[in-house]
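Each chain carries a letter (A, B, C and D) given by its place in the written order, and its residues are counted from 1.
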Amino acid sequence: MLGNFDFDVIRRSLPYLFYEGMTFTLTLTALSALGGLIFGTAIALMRLSGYKTLGRIAGLYVDFMRSLPLVLVIFWFYFLVPYIGQWLTGASRPISVGAFASSLITFIMFEAAYFSEIMRAGIQSISRGQPAAANALGLTYAQTMRYVVLPQAFRNMLPVLLTQTIVLFQDTSLVYVLSIPDFLGAASKVAQRDGRLVEMYLFAAFVYFTISCVASFGVRRLQSRIAIIR
Amino acid sequence: MNYNWNWGIFFQPNPMGTGTYLDLLLSGLALTLETAVLAWIIALVTGSIVGVMRTLPSKGAYWFGFAYVEFFRNMPLLVQLFLWFFVLPEILPRAAGLWLKQLPNAPFWTASIGVGLFMSARVAVQLQAGIGSLPRGQKQAATALGLTTVQGYRYVLLPMAFRIILPPLTSEFLNTIKNTAVAITIGLLELTGQARSMQEFSFQVFEAFTAATILYLLVNAVVVTGMRILERYVAIPGYITGK
Amino acid sequence: MIEISHVDKWYSSAFQVLKDCTTSVAKGEVVVVCGPSGSGKSTLIKCVNALEPFQKGDITVDGTKVNDPKTNLPKLRARVGMVFQHFELFPHLKIIDNLCLAQEKVLGRGHDKSVTKAMMLLDRVGLKEHAQKFPAQLSGGQQQRVAIARALAMDPIAMLFDEPTSALDPEMISEVLDVMVDLAREGMTMMVVTHEMGFARKVANRVIFMDRGEIVEDAPKDDFFGKPRSDRAQKFLSKILSH
Amino acid sequence: MKHFRSIGLALAATFAVSQASAEELTGTLKNIKDTGAITLGFRDSSIPFSYLDDNQKPVGFAMDICYKIVDAVKKELKLDKLEVKLNPVTSATRIPLMANGTIDLECGSTTNNAERQKQVSFTNTHFLTASRYVFKKSSGLKSIDDLKGKTVVSTAGTTNIKQLTEANVAKGLGANIIPAKDHAEAFLMVETDRAVAFVMDDILLASLVAGSKSPDDYAISKDAFSKPEPYGIMLRKDDAPFKKVVDAATAALYTSGEGQKIYDKWFTQKIPPKGLNLNTPISDELKHEFAKPSDSPNPDDYK
């Protein structure tokens, strides 16, 4: 069976797969991770703020997002984001949001729920003495968080955050359902056009596997280095 | 908002002739649960075997477990489903491939096995961590009493390890349910898929997705409650696990 | 009964934990092993029932060579009772089930017979009324007595104790030692790693002193406490007896 | 009805330019003017209407028509520059994406029917096609009834899957219907024996077969699930000024004979990516429609 293998189809489509597909995937991953981290940290701080209502709203958001399949959330946001934009800006008609922006918003909102749980655990892992000491020095709540608590929480949680980012990298492949040409979408377009499923899907699997493997190997190295420093 | 709301749509007949649109969604929910349960059984069984292998002193078993977990953890689920659904039948001998492709309910079986194996790697990691968290003396005590390795795992290590990892296993089970939605890409008409069909046939996008969302939330609540009860049921008096 | 001859053990090529250890325990004899922490005494006792592998030398228990690959280790271990520093009761099993598990699974005893035996032994260590409790509901001293009963339920030909009282609060030490003294007086062959010199004085036949993986001293009790020959043993004794 | 429409059309064609400039801009036109951009929805594999060529750029008959519309819009709004954004859509996403403003025109093979007109609008018809199924000759299928108990695929969100589902119920076929994301994926299901038949508009089936690895293996059913139905470029509902411009542009295109030229380019000549020739000369019905453009969803209006 492998005799019919057409490696040439991979070679011919490499520019498209990587310049368009992989660029889309990696940009989406990086920006979503960044946005998800910022938004997730905000949610974590809300949950730990001590304001009951604020904490409850944040908690509900996290539970809500974590109850839904990503595929459903992707559909939701793809169709809903323009209306939200209209509502936010008070425009007379839905705001046109492109495929990339829409996916980006989706992943930021979705991943924030997961990043917030990580950051919450990170903040809670810091001994109570730290904020107490910061307060004793006269730092405000915001300063305590900004200069004392969050940097430590972030450093402690860095390996977990990076692992979650690898999961996110894999999850971005789900924009396939919207026919958006991310890496997998691009591969499947070539696969279907040329009838070369076996080659293209095996190649896509290989690429995702290699990148994730190298990345998680790096995270493990980082983890053991952090373990030594502690 | 320029949109015609119509919440009565759920009680109108669906074009499949299987009752109302609500029935359509409920049939999707049933398929979601069936797929998830079968996938979960596969994940638990293979995940446990692999997880145990990773704790055995044998180098070979350890490396097999390691490779297994890395293989299934480093590829998107969607890609794995494509491998099982589109690629596997093509690289098998023609007759076997054809048989596989013409199986009735091929998407269901592919999704169950695909999601099951994907989740098994996560179960394996959890179980390995659970076993690792037990005091080393437990294994030695079992060995000193003359229990074989199999008996030691069966009667001593696994009952404790599974109790310890019950909370993370709960979220992995919830992930399994959610992950079945990825199988709409291979034509499985589970809850998200049926919500999408409803949207396509009735054009009532937001009603369809709202209903699916509510159903997922309900399933989540039921599973979480069920697992809490299970946790309480298997809790050991006087022994505090984790939290 | 237990023959240890020229045993060497390394963890890595650089770190030798046992150096040419040779000693023996005769039938009905009680031997106390003592020495500073890290001296290899726990390792030595764990080598006796092959919980720890060793690279050189031989250990024979009741005529069976421990380090022979053909030896059925579970069978051998079932005949040698072992008590651990941290008790290592199985937390998910009731006290009675802790005692019955190995009887049924290893010795193949019937359930009723195992229960009768277990109850008899629990009665003997004074814990009959706790049979239906879980380990975490018992105090440390009670748990260690259960652990002794669990080992005895296997009808061992010899008992190994690995610092059985060192994890206990002071007020619980004596209840455990009392059980051990009774056992010694009944003629059980015992090898005991402990710092309890009172116990050694009372029932030991011989005392072995270890330091840095070596058996420095191996003498009858009275000789050991009367006129220890080595500096190291003298220093050790003066330290632990000074209070 | 038809009469009324053609009057409206004539009016639109005559007064579109002067009216729009005199009035305050609203809706899509205002948005296009404000942003200087128009977004076209395109399809992956609706050959030859809207599909990706070798450079993964969307091309096709409907794309050409859309670019003509874009020119008209540009002229209408007196813009020097009009950026054209392209957004991929599937059968399942095109209607929600039109409704939520992501795309302004959908350039593909979308059937214009009364039900969809409740959600979106269509401009003048650019093609007529009936719903049939493709199968491998080796499977020996003949009629719709032969699909009994078989696995049949169609594209999610199309009128075809709906017609198939309805036929399945009405005729008690008990066929197992699988939805696919797009036409190429659906055809692949038949090619790899996952499904015995793919129900779709016959023109799309014909192009998929022609472009396949071994076109001789496939045949298209004589039986149809529907009368020939009209395809239209889709636009947002309740946006009369924009529709006026689009209708005028397409009407002008079709009546001038340029429509026929574009048609011939895609249906009777070699097309990318593989130099395929579909050899499908224009039908009498469509010729008639081009002479008198109409946006009616009723198939009977095109006889």
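One rule holds in what follows: a contact is a pair of C-beta atoms (placed from the backbone, for glycine too) under 8 Å apart; a residue touches a chain by one contact, two chains touch by 3 or more.
Chain identities (UniProt): A = Glutamate/aspartate import permease protein GltK; B = Glutamate ABC transporter permease; C = Arginine transporter ATP-binding subunit; D = ABC transporter.
Predicted model, so just to flag it, every value in this text is computed and none were measured.
Participant: Taking touch as defined above, what minimum step count separates chain A and chain D?
Facilitator: So the least number of steps between the two chains is 1.
Participant: If you check the contacts of chain B and chain C, which chains show up for both?
Facilitator: none
Participant: Going by the average position of its CA atoms, which chain sits the greatest distance from chain C?
Facilitator: Taking each chain's C-alpha mean as its centre, the farthest from chain C is D.
Participant: Taking all protein C-alpha atoms shown, work out their mean, then name the chain whose own C-alpha mean is nearest to it.
Facilitator: B
Participant: Tell me, please, which two chains come out on top when C-beta pairs in contact are counted per chain pair.
Facilitator: If you count contacting C-beta pairs, the leading pair is A-B.
Participant: Roughly how far is chain C from chain D, centre to centre by C-alpha average, rounded to an integer in Å?
Facilitator: So the centroids are 84 Å from each other.
Participant: For chain A and chain B, let me know how many angstrom lie between their CA-based centres, rounded off.
Facilitator: The separation of the two C-alpha centroids amounts to 21 Å.
Participant: What is the distance, in whole Å, between the centres of chain B and chain D, each centre taken as the mean of its C-alpha atoms?
Facilitator: 40
Participant: Please work out the Cα centroid separation of chain A and chain C, and write it as a whole number of Å.
Facilitator: For chain A versus chain C, the centre distance works out to 54 Å.
Participant: Pull out every residue in chain B that's touching 2 or more other chains.
Facilitator: Each of 2-3, 86, 90, 185, 196, 205 in chain B touches at least two other chains.
Participant: Chain C: which residues touch two or more other chains?
Facilitator: Residues of chain C touching two or more partner chains: there are none.
Participant: Provide the list of chain D residues touching at least two other chains, using ranges where the numbers run on.
Facilitator: Only 96, 99, 181, 188, 192 qualify.
Participant: Where do chains touch, given as pairs?
Facilitator: Going through each pair of chains, those in contact are A-B, A-D, B-C, B-D.
Participant: What residues of chain D sit close enough to touch chain A in their complex?
Facilitator: Residues 26-28, 31, 35, 39, 44-45, 52, 55-56, 85, 87-90, 93, 96-97, 99-104, 181-182, 184-185, 188, 191-192, 212-213, 273.
Participant: Chain A touches which residues of chain B in the complex?
Facilitator: So the residues of chain B touching chain A come out as 1-3, 70-71, 73-80, 82-83, 86-87, 90-93, 174, 177-182, 184-185, 192, 195-196, 205-206, 209, 212-213, 216-217, 220.
Participant: Spell out the part of chain B that touches chain D in their complex, as residue ranges.
Facilitator: Chain B residues touching chain D: 2-4, 15-17, 86, 89-90, 98, 101-102, 104, 106-107, 185, 187, 189, 193, 196-197, 199-201, 203, 205.
Participant: Going by the contact rule set out above, which residues of chain B touch chain C in the complex?
Facilitator: Counting only chain B, the residues touching chain C are 135, 137-138, 140-148, 151, 155-156, 159-160, 163, 236-240.
Participant: Under the definition above, what is the set of chain D residues touching chain B in their complex?
Facilitator: 91-92, 95-96, 99, 115-116, 118-119, 151, 153, 156-157, 161-162, 165-166, 168-169, 176, 178-181, 188-189, 192-194, 237-238
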